[in-house]
Each structure stands twice: as C-alpha cells, then as structure tokens.
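The following pair of complexes shares a single chain, chain A, combined with chain B in the former and chain C in the latter.
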Partner chain A sequence: MTENTQVKASSSASLKQQAVGFLKQFGFLLIIAAVFGFFSLYATNFLSSSNLLNIVEGSSILLILALGMTYIVALGGIDLSVGIAFDFGAAFAIVALKNYDLVWYLAVMVGVSGGLLVGLLNAFLVVKLSVSPFMATLGTFFIGSSVQRIFTNGGGPISHRGAPQEFRDLAVGKIAGIPSEIVIASVLLLVYFLFLEKSIFGKRIHAIGMQREAALVAGINVNRYLFWGFVIAGGTCAIGGIIGSANLRMFSPLAGYSYLLDAIAAVFIGASLSRNGRPSVSGTLIGVLFLGMIANGLNLMGLNFNTKDALEGVILVVVLMLAVYQQKSLGKS
Partner chain B sequence: MATLNANSQSSAFNWRALTGYLPFIVFILMLGYLAVSAPQLLTTDSLDLILRQSVPTVVVCLGLAVVVIAGGDDVVAGGIDLSIPAAAVLAAAIMADQLTNHGTAFLPALSMAMGAAVIVGLVNAFLVVKVAMTPLLATLATSVATVGITKVVTSSRRINVDHPTIVSLRDNELGGLSVGVLLTLLLVLIFYFAVHRSKWGMSLQAVGGNRDAAELSGISVNRMLAQSFILASVAGGLASVFVLARGSGSSPGSEESLLLEMILATFLGAAFSPRRVVTLWGAVLGAVLVTALSIGFKSIGVNVFWTGCIKGALILLVVASAALATSKD
Partner chain C sequence: MVNELNTPSYLQMESISKAFPGVQALDNASLSVRAAEIHGLVGENGAGKSTIIKVLAGVYSPDEGSIVIDNIEQKNHSPASVHEAGVRFIHQELNLVPHFTVAESVFMGQEISSPVGLRKRQMRSRAEDFLQQSLQYQLSGKKLIRDLGVAERKLVQIARALIDNKAKVVVFDEPTGPLASNEVEQLFRAIRGLRERGIAIVYVSHYLGEITDLCDRVTVFRNGKTVSVLAGADAENSQTIIQQMVGRDITTLYPERRRVSEKFVLSCAGLSCQPYFQGVDLNVSAGEIVGIAGLVGSGREELIDVLYGLKKATAGTVELDGQALRVNKPHIAVKNGIVLVPRDRRNAGLVLDMTVADNINLASLDEVSTFKLERKGLGRKRATALADKLDIRPKNVNAVVRYLSGGNQQKVVLAKWLATGSRLFVMDEPTIGVDIGAKVEIYQLIADLASGSNAESDGAGVIISSSDPSELLGLCDRIIVLLRGEIIAVKAVDELTLDSLLALTTGGVVATAGALH
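Let's look at the complex of A and B:
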C-alpha cells in the first residue's frame, strides 16, 4: 500500500526530477555555452580560427599548473604554492642560462629541479611534520615569495635577452606546425590522464582523496603517495614557469601568483563536470579552456587592465560558486 | 615493568608538550636576542611604537579569531578567512579615494568603506553557508576578487591621506597612549565581551567546539557561521582606518604582508592558550609580538625581505609543532 503511493508520487514528480537532474549534471556546460555565445556576439573576432588558436595557446601554461593542482586535489589536499614552483622554475632556468651559460636542455632540467625543491619542502612539511597541506603550502608561499624578493633585491625582473633560440622555441617555436607550448602541454595532459585516470596509481590516489582512512586500511602507503604528489606537482608547475620565462626571455618575480586561483578554479570546474564530482584530468582541461576563453573574450572587448582584473576576479567567484554548488549536488545524488 | 611503561609514557607526553611550546620558546629567544643586540627596543618610546604599529594587525586578528572560534581550527574544513586583509585594504582604498580625491567628510567615507568590507563578509557567508564551499576556497576567491576591485578604485596607485581625523589617530595622545591604541583596546574589550562573556559568544564557541552538539541544543549553526564571517569583515573594515593611519594613505599590495602577519599572529596566539586553541587574547598578544619582531629586526638592520622569510618559517614552525604536539603517535 505505502509502496504503491510512493511509486505514484515519484512518477508524478519524475519529470521535474529529470529536469533538475539534467541541470545538476549539465548545468555547468550550459553556462560554458552561454559564455561562449556571449563572446561570439560581443567580442569582435572571437570566433576567428586564429583567435581560437590563441585561446588554446594562451591556456597552455595554466593547463600545466592546473594539472599539478588536479593531482593534489585528487589526493584530498590543496597547493597554494603552485605559483612559487612556477617562479622557481623560471628563475632557476634563466639564472642557469645567464650566469652559468648552460646548454638549454640542462637549463630546463635545472628549472624543473627548482620546482621539485618547492615540492620537496611541501612534501616534507605535510608528510614528516603532519602539517595540513593548506598551511604547509601557505607557509611555502610566504617563504618562496620572500626568497624571490631577497634574490632580486625587492622584485626587479632578471632578463636574459641573449637566451639561446632553442630555449626561446619552448614558448614561441613550432613542432610539426603546432605551437610548442601546445605540444608540451598536450604531452603533459596525456601523461597525467594515463597516470591519474587509467593506472592503478591513479585509482589509489583517488581512493586516498575520497576516504583516507579506508585507503590506509586497504594497505595503501598514503604518506608515500602524498610525498610524491607534492614533489611531482612542484616539478610540473616549474615546466609552466620555464615556458613563461622562455616566452619573455626573463624571470619576473612573483608572476606565478596570478595563476593560483585560476588553477584552483579550473580543477573545481572540472570536478563539477565529472559524474561523481571528483577532480579529473579531462574536467580540468575543460575548466582551463573555459577560463582561457573568459580572459581572451574580456581582452577582445577592450577593457582597461584594472577593470579586466577586477571583472575576472568577480567572474571567478561566481564560476567557483556554481561549480561547487553543482559538485555538491552531484555528491549527494 | 608497569612503572617503566608509565615512565616512558609520561616522558613521551612531556616531549610532546614541549613541542607545543617550541614556537613560544623560539619567539621569546628571538625577542631576547633582539633586546640584547638593540637595547633601544626596551625604551618606552619604542614600546609605544610597537603598540602603534601593531594596531592594524591586532584588529584583523580579532576578525580571524572569531571565524576560527566559530568554525573550529581544522584549517581545511574549519574556519579560516583569508579575505580580511583584502577587505581592509579595499576599505582603506575607498576611504583614501573619498577623503583625498573627492573631499568627502570622514563619517560618510568611513561608512562607504565599511559597507564595501561588509559586502565581502556577506559574500563569504553566502558562499560558506548556502553554497557549502570550504571557507578556504571561498575566502581565497573573494580575496582575489577584492584585490581586483581595489585596483579599479585606486588605478593601482598610492593615495596619500592627510585628513585630520586619520592623522590624529596616529599622532594624538590621551594619558600617554596614542588614540589609535586606545580605540583598539576598546575594540578588543568589545570583542572579548561579545565572544567570552555573552550568550551569543557561548553559542559561537559551542558551534566551533562541536557542530552537531550545538545544532542539537538548538543553536542555528549556519547563522552563527554567517555572523562570524560578517563580524570578521567588520573588523577588516575598521582596520582600514588604522591601515591608513599607519601608512599615511593606501598603497597597493599591502594586503599580502597583512595576511602574513594576521595568520602568524592568530595561530601563534594558539600556542599561548592552555588548550592550544585560537583565542582572542592569544591573537592580540600574537599580533603585538609579531610587530615587535618586525620592528626589532628592522632596528638591527635586517633586510625587510628576510623578515618576511623568517615570519613564513615561523608560521610553519607554529603549525608543525601544534600538529606534532597533538598527533596520536
């Protein structure tokens, strides 16, 4: 009897439920489509193929940092020092070229090691001293910022006009006709996808992020995964910094900070797009392209620099809000 | 055998208790070193200077302490508000712009600034309570947006302020203490009575202590959380006046050092409390000590960027020793 009434009630509400379910699943995609439509109408040349390529190329560095962030968020942490790893990558590479005259590929390796160093500090704090990832990476952020100011006497850029062409080509060159930034970012994207989504390691990483205690009970060495997670994320972000420095042929201190919130936002947008509300590599890619599209569209609309900054900040708050809202409702259903 | 066990347990316990005091000990050692190498630090003049300089940090720390008390001090799921310094700097920018560029009177300018700060708090409250974002993510996002809006207000330029009310906050004295310090003392007392001596404060602490138990005993957890973020933004708005007085105007980018000092002072303050939790008095004392450290390093000629580095390391020392002191094994 009661079962019967329940069935009736549910069937009468099913249409509405379906609509709500649809919105919960695809609501964010609708927003992406709406923003795309808006810029197509109001930003001149937005839809031209050269501009669409611009969006993809302009998103490459953010994608690299967001991949590192995806890894850490999948582990259940957060990394506020991705910008520092970016800066260290840039600084180490430029100094290796300028002051030590290293070959370009050695300079790249030195740059990556700069990011690994930042990751090692985070890993040490989180795993050995059991500091929460948030506090540990915030401390690293403060120390890393100060170190850059000390090193540059207050934050002046270090430029190296005579950087070898091979190094510059990391940012401005082409590989098989495709801008090398896009190629490098795509390779990293593929590696992260295979690692985080298709391998047993990825399954364990997601298990740690979802249920740390359960993962421990199941015999996963949580500390080892956390340790290498921070180290690898640091190295990855440094690659972004190296490309950035190759592009401008200089290291500008604290430049990485501007990527921090975008990287976090991209990961959470991506999580809101996945079926279970978990961070994922493909979701992060969509998040990054969405943010790249907003930055590009606002640029094309010819806004003043400060206004554009403020508007981007406000849009990010709204976008994050919608993403988290959708992610939570996915988690509940 | 049994005694041996007891011994080893108690020595482990002592070691852990000692770890908890480590940041406190390091701090005292540093201040002691500074006092020896720069004896002028202990004169009443420089103690007065320390108090005056610490005022903006003290006021933002009051705000953060309230949020942490309500949210619990688990830094990820618990209460944190990274946007207080950004709100303070936005409010300072609005006030500087109004006073200097538009000739607005003090009170209207202050109310506009307070309004802007409270909007930041309302957005935080909405994001945390209604959208269920983690406070960390919510306040990080609002702080970045707030800094962006500040750039629009100031066009990323410094605005000097020589309004008599602002100047008198810094320069006038009442009974040997600066007006700014006295007003801050009053503010600390108001916050103290609100949090520790009122029914509202008891509910706030209950929510921070055990959210489910508070809910069961009939306290609206969501309302208390929302109020804590709004109160924090009020503190940020009030701090703007002192930020202007300290810097004789608003300068772009001053939120970062304020954020660093606020977090260091508030969590260092936890090391002073018997239960190692964030308290109002601890935060206030922490803010004064952190300022003393900054001024001390400056007076013995340490590069100001090194001071930032040392403070960053101190934050890590504070949180690491707290984590080790409370860890199970």
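Let's look at the complex of A and C:
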C-alpha cells in the first residue's frame, strides 16, 4: 500500500468502518432482539418486570467475575482461576464469621484478602517466573481446587446458618430499594469502567495487551501492571464469592468453577462487539446480560437446564462467526 | 549484462491504473522489464511501487491497463496464474520456520516424495546444488534455519521461490532491510547470478546506493505515474534518481552541524554485557550526535539495549547529567530522560492498532489527564500540535498508526518522545524503511533535538546506531566503531571518509595494524 492510498483510504475507510461497525453491533442486536422476542412469546412471564429484575440480579455475580476477567484479557492474558478466587473469597469470609466470630465487614475484608492471595500467586508465577498467564492460572486452578478439597475433607460444604443479617444482606438485602447485589455489581462496574476505559492506567493496560513490547519500550512498567492486574482481579472475584456465600450462608467448595466459562464467554462476546475487537467493560456488561437472559428464558420455558450450555455455545459461535465475517469484509475493502 | 536497447521486454505492464476509495494509486503507470536484466523500481512512499507490485502479483486487479508476460497477455490475472507464468516474489519478511532445516524450508509445500515417504536425501542435495550453482553460496541442507544469519535466510527464501526452475521474473521487495553491508554483497552476487541465467529481475528498494550498484535500468514512480526510465549513466547517478523521485533537487540531505556543549549528558565507563561487548567508554555531550558503527554481531544492537535497560549490563557505570544511574528497565530509562527509537519500529516502536494521538501521548499520559482520568480532547490537541510540527500525514491524529507509511510511523515515534522532553535520544536505525523525502525531514528533526528548542537550553544528546555509513557520516559529530564487542575507534567525522569508516567497521584497517585478536 502506498502512502497516499492509505491516507485517503483510511479516511474513507473510517466511514466504512463506522458503517460496518454499526452493522456489526446491529447484527448482534438483531440476535439479542430475536432471542428476546422468542422468549417473550414462548416463556411465560419473561417480560414481567419482576423477571427482568431477576435477570439483572442473577447476572450480578457473573458480572463481577467477568469484570476481573476483562481486566486480565485487556492485559493480553487470560485468568482460568477466577473461580478459585471466588471460592477463596467465600471460604475466608464464612470461616472468619463462623470460627473467629469476626464482625461482618471484617469478614468481608478477610474474604477479599483470600482472593488477593489467589491473585498474588498468579502474579508471582506470571511476573517473577515468567509463566504464561494461561499456564500460571491453570496451575493456580489445580492448586486452589486441591486445597479446597483438603480443607473440607473431600469437598463437603461449610455452612453457617448463624451468619449475621448484615452479611446476609450483601446478597438478599436492598439498598435504596434496589437489591444489594445489583448495587455492588454496579459500583464495581462503574469503577472498572472509569479505570479501564477512561483512566491513563487503562490506556496503558490496553497498550500492554495490544503490543507488549511497544508498551515496554514506551516506558510503561509492564511487570507492575501485570502484577497488580492479577492481584486486583483476584480481589474482585472474591467479592463475587462473598456475595455467593452470603446468599446461601455457606461455602460450597469449587462452586466458583461454574462461572469460569461464562465469564470468558461474556468477555469475548463483548470484545467481538467492539470495532477493534478489544475487550471492554461495556461489551462485557452486554455479554453478561445476554448470557443471563438465555439462562433465565430457558429456565422459564421449563427446558432442561442442560440445554442452556448447548444453546449458549451455538449463539457464541454465531456471534463470533458474525464478527469474523464482518472483519473479513472490512479487510477486503 | 549489456542489454541491447531494442531488446523486447519480457514483462510489460502498460497504462496500469488503479484507484482506491478517494485516491488514484496508479495513474497510467507502466513497467517493462527485459530478460536478463536487473530493473530497479524506485519512488517515495506513496508513489505506487507497492501497488504495481501487488497488481503484478494478482492481489489487486487493475482498473485499466494490460499485463503481458513473454508475449502472452494475462487475462484473468490471479495469484495462481501469475505463479504459473513464472513470476516469483521475494517478500520483505522472511516467513521461514526456525526449526526447519534448510532443505525442508526450500522444499516446503513442494516436497519430493516417493510412495513410501519423502525423498529427504534428494531434496537436500538439490537444495545444496541450487544454492551453490544459482546463488553462489555454499550452505549445508541439514542446517537449521534458526542457526542461520539473516542473509543466509534470505538466500534460503530465494531458493525456495526458485527451486522449481520455472521462474522467469523475480521481484525483490526491499530485500536488504535487515542485512549488514557485507551481507548485502553476498545477496547481490546471488541476484547477479540469476541475471546470468536470463531471469528478469525487478528490484524494489529505498536504498539508492543499491539501485545504482545493481540495476541495469531504473523505473522511477511519482504520484502513481511512471516519470522516467533511466538507463546507462543516469541509472548509476543517485542524484539524478533522487531528482526524478521527488521532482525537485534535494541539495542537502543532511542538516548543518551545531554547537556542541562541553557538558556530558551521558557518560559510560567500562560498560560491558558479556558475551556481546565489553569495556565500552562512551561520552555524549549536550548537543552532540554520536554515531555507533559496526556490523551485525559487533555488539552494536546489544549496546543500545543495555543503554535503554532492555538488557542488563554485567559491568560498568552509567552517568546521566553527572548523576550515577542504574538503568535496568526501560521505564527507568524513560523516567530519567533516556528514550529509544527502536530498530523494530512495528513491534517495539508503536502500538499499531492505536491511533496516532494515543501513540504520541503514550509515554506522557500524565500530562493529558486530570486525576489520572484521560482528557481525550486535550490529548488530541497536544498530539495535533506535534503532528503538525513534524508534518505527519495524514493530518488526522485519529488515524490508526498501522496504516501510515514507514516515514510517518517513524515520525510518530519521534513525536512520542518529543512530548516527553528527554535528555538523551537513543536511535537505532532511525531511517530504516523510510523514503528519501521523509529521511531529510527526520535528519533535520534529529539535528533540532540536539541543538535544543531555544538558545539558552543545552539541547539533548543523541546516539545513532546505523548500518548506513553515509548516514552516520552525514549526521554525526563523532563516530565510535565497534568490532566484535570492543570499541576499535572513536573519531570525529572530519577524520573519516566513507572508505575508511567501512574499513574500520569490517576490521580491515585494524587487522593490518595488528591489533585484532
């Protein structure tokens, strides 16, 4: 390509890109609308306001884990241990309440530190030992799973029926009339949005994720960003775990695992929505709500819950196909 | 090889036009190449060289015009039909698998096999024979690609394209980019060998010295048009070629010298990084441009890496503005005012999928933020001011850097560091892959950096590492020469000529002086 070509081509391409980008978003919106319409017709009560609230509330914990995942994926990595951080958050909080009689807010802090610990292990492996994020977090996943089984003598739950009401309210209470889960998730959403999309830290994080070497040469302390990325993501996921444990008043080992694939799916659905294919906080939110809608709708239809994964898989493939197809048609022009 | 003037053209591209949205990339351009001829194709970035090569390759279909190869008009021009017609392309990138052997690489995708498997021995001997006979280079077919030098890899790449003996036209696209000057000669021998065999060669390069050395005729492109086809003495005169390329005279390629201050910006003593280099003493004054010359493997690249904290020094001290400093990470270098324009611009210099503005602001984000939140408008304004100053095209800081030309990309790298107000600029091959017009601008910029923005400030120190000796001689105040990891000469440019610098770099002079171990 020649300079002039590119100059002009890029300015006219940006128009075209906008058009294609719009189409791409529009295409996905069509899918959302189709699924939404389908459930509205065939799932009784799907459209009721209480059910829509259910969807949002039911998506809160997944959103929290997906935010942590978004951070790591933006850095160019992946975190397979979000579920472990979730479990450690739940375990630390429940044990702090049950065995040490801590006040609820101290228990919450202990829970968060459980997730930070998981993040620290990841950070140590990735930054100090230069293990790839995939392998490091897979290692943490195995270690963390095993530790939970050993601690619970093979995986029995630790329940604490006498958990204080304030702790329970983290999951079932209301703040200003809004379910507290939604409030907590929204606050985290806002914080992550400002941090990853609006702050100069976020710009550096995206630069590292796009081209690590260029970020390094531009004077960004890449290792520090990676280190804190894993630690903060661990802490964030632990908050999800704490809410989960507050809801059931118990810690059930390995419960966090069920969120792992949904969190990855949500982040990549979100990334495929953006024009440059980058993960983003807003994209992740859409991905999470979309997955929540499918789970809820299928549930209402009384379908076998197991079909949910299959349908989710099909939709995921369709969305990604759409993204690839549109990117190709963009590349050709 | 002397061609008779009326020899018919083997490859003939006539009146080719190709428009992209908003731009006429090729406008009635033509290119004709004879058999047994090395035909140079030159032009500034944006002149249409790459486009016509892609038209020839069948990647783009031309809006108008005809392509005739060996008297056969190419209808339904496609990459497959072009290959069938015997046209081969040696791309700039190497595209070889590091853990394959030479023979495996040469025959990749065109393996010779028997019903029971691959004929490895036959492939090996054919690969070796081809390299020996056609490319004048002896290389074992069993060697692994990762153990080869860049020039050897280039030869393997050529062998791979030509091993089927059906090549009639070979297009070389910037083949010497990563090569050191002695390796270039090796490649030239191979290319001349191909000419002996009657192959028509199209040679695209930014290095005019290569064009004048190698090519029999030269086609010059400007703004999508063929402006001239030079032959004979004209094709050997780089001034003539430059004039045709830019459409005006470039009288001075290099800027004037500046006043150099007495104060050292950088001062290294006994700097070592085993096993690459040792005992390097290096001083750079404010306002001074110091050149580093040396072959690939002389420790030149590693010295740059150590200065910037990409590699750790094993011994020695570094002082910046008189303060001792340990630079073991790039962010420490940047914080202290040492910045790098890296040789690998596309991987290390820029985040290609970010915009011009984001790249320019990336190293000084604190200055475009309030409470750590980015102020996009302010960032754009600041980037626009710098982009205007450096004349970065397109004049749109929201353009994605990936789609800029090499020269403009390099200006973005420079703008990023200008925004930080740094003390020492380390530049590794600052004009690699940059066309002549942008080169002149970049040279001027480097000189401006060194002389400082105003009269009372001292200006920055500049270190330039380059494999282009004339660039070093034209731009620098002083040149240090590295050979096998040691400084063998430190000379003011007035004491050097092109020949003496080349001799020093290759160890010639020192060898006769008996100082070579």
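What we mean here is this: the second predicted complex is superposed on the first by the 278 of 333 C-alpha atoms of A that agree within 3 Å, B and C clash if a C-alpha of one lies under 4 Å from a C-alpha of the other, contacts with A are read in each partner's own complex, and residues count from 1 in each chain.
The working rule: a contact is a pair of C-beta atoms (placed from the backbone, for glycine too) under 8 Å apart; a residue touches a chain by one contact, two chains touch by 3 or more.
Just so it is clear, the model here is predicted, and its values are computed rather than measured.
When the two structures are aligned on the shared chain, A:V317 is found in touch with chain B, with no touch to chain C. Once the two complexes are laid over each other on the shared chain, residue contacts for A:M210 go to chain C alone; chain B is not touched. Of the two partner chains placed by the overlay, neither chain B nor chain C lies in contact with A:L116. Once the two complexes are overlaid on the shared chain, A:S199 sits against chain C while remaining clear of chain B.
Contacts of A:S146 after superposition on the shared chain: chain B is touched, whereas chain C is not.
Look at A:N276: by the touch rule set out above, it reaches chain C but stays clear of chain B. In the superposition on chain A, contact of A:A218 is made with chain C only, not with chain B. Across the two superposed structures, the residue set of chain A contacted by chain B and also by chain C is empty. The residues of chain A lying in touch with chain B in their complex are 78, 80, 125, 129-136, 138-143, 145-147, 149-150, 154, 261, 264-265, 268, 306-307, 309-314, 316-317, 320-321, 324-325, 328. Remark: chain B residues 74-76, 80, 123, 127, 131-133, 136-137, 140-142, 144-149, 151-152, 155-156, 256, 260, 263, 303, 305-306, 308-309, 311-313, 315-316, 319-320, 323-324, 327 touch chain A in the complex. For chain A in complex with chain C, the touching residues are 1-14, 16, 194, 198-204, 206-207, 210-211, 213-221, 276, 333. Across the complex, chain C meets chain A through its residues 20-23, 25, 44-51, 223-224, 308, 310, 329-331, 333-335, 339-340, 342, 344, 347-354, 358, 362-363, 365-366, 368-369, 372-374, 393-394, 396, 398-400, 403-405, 407-408, 416.
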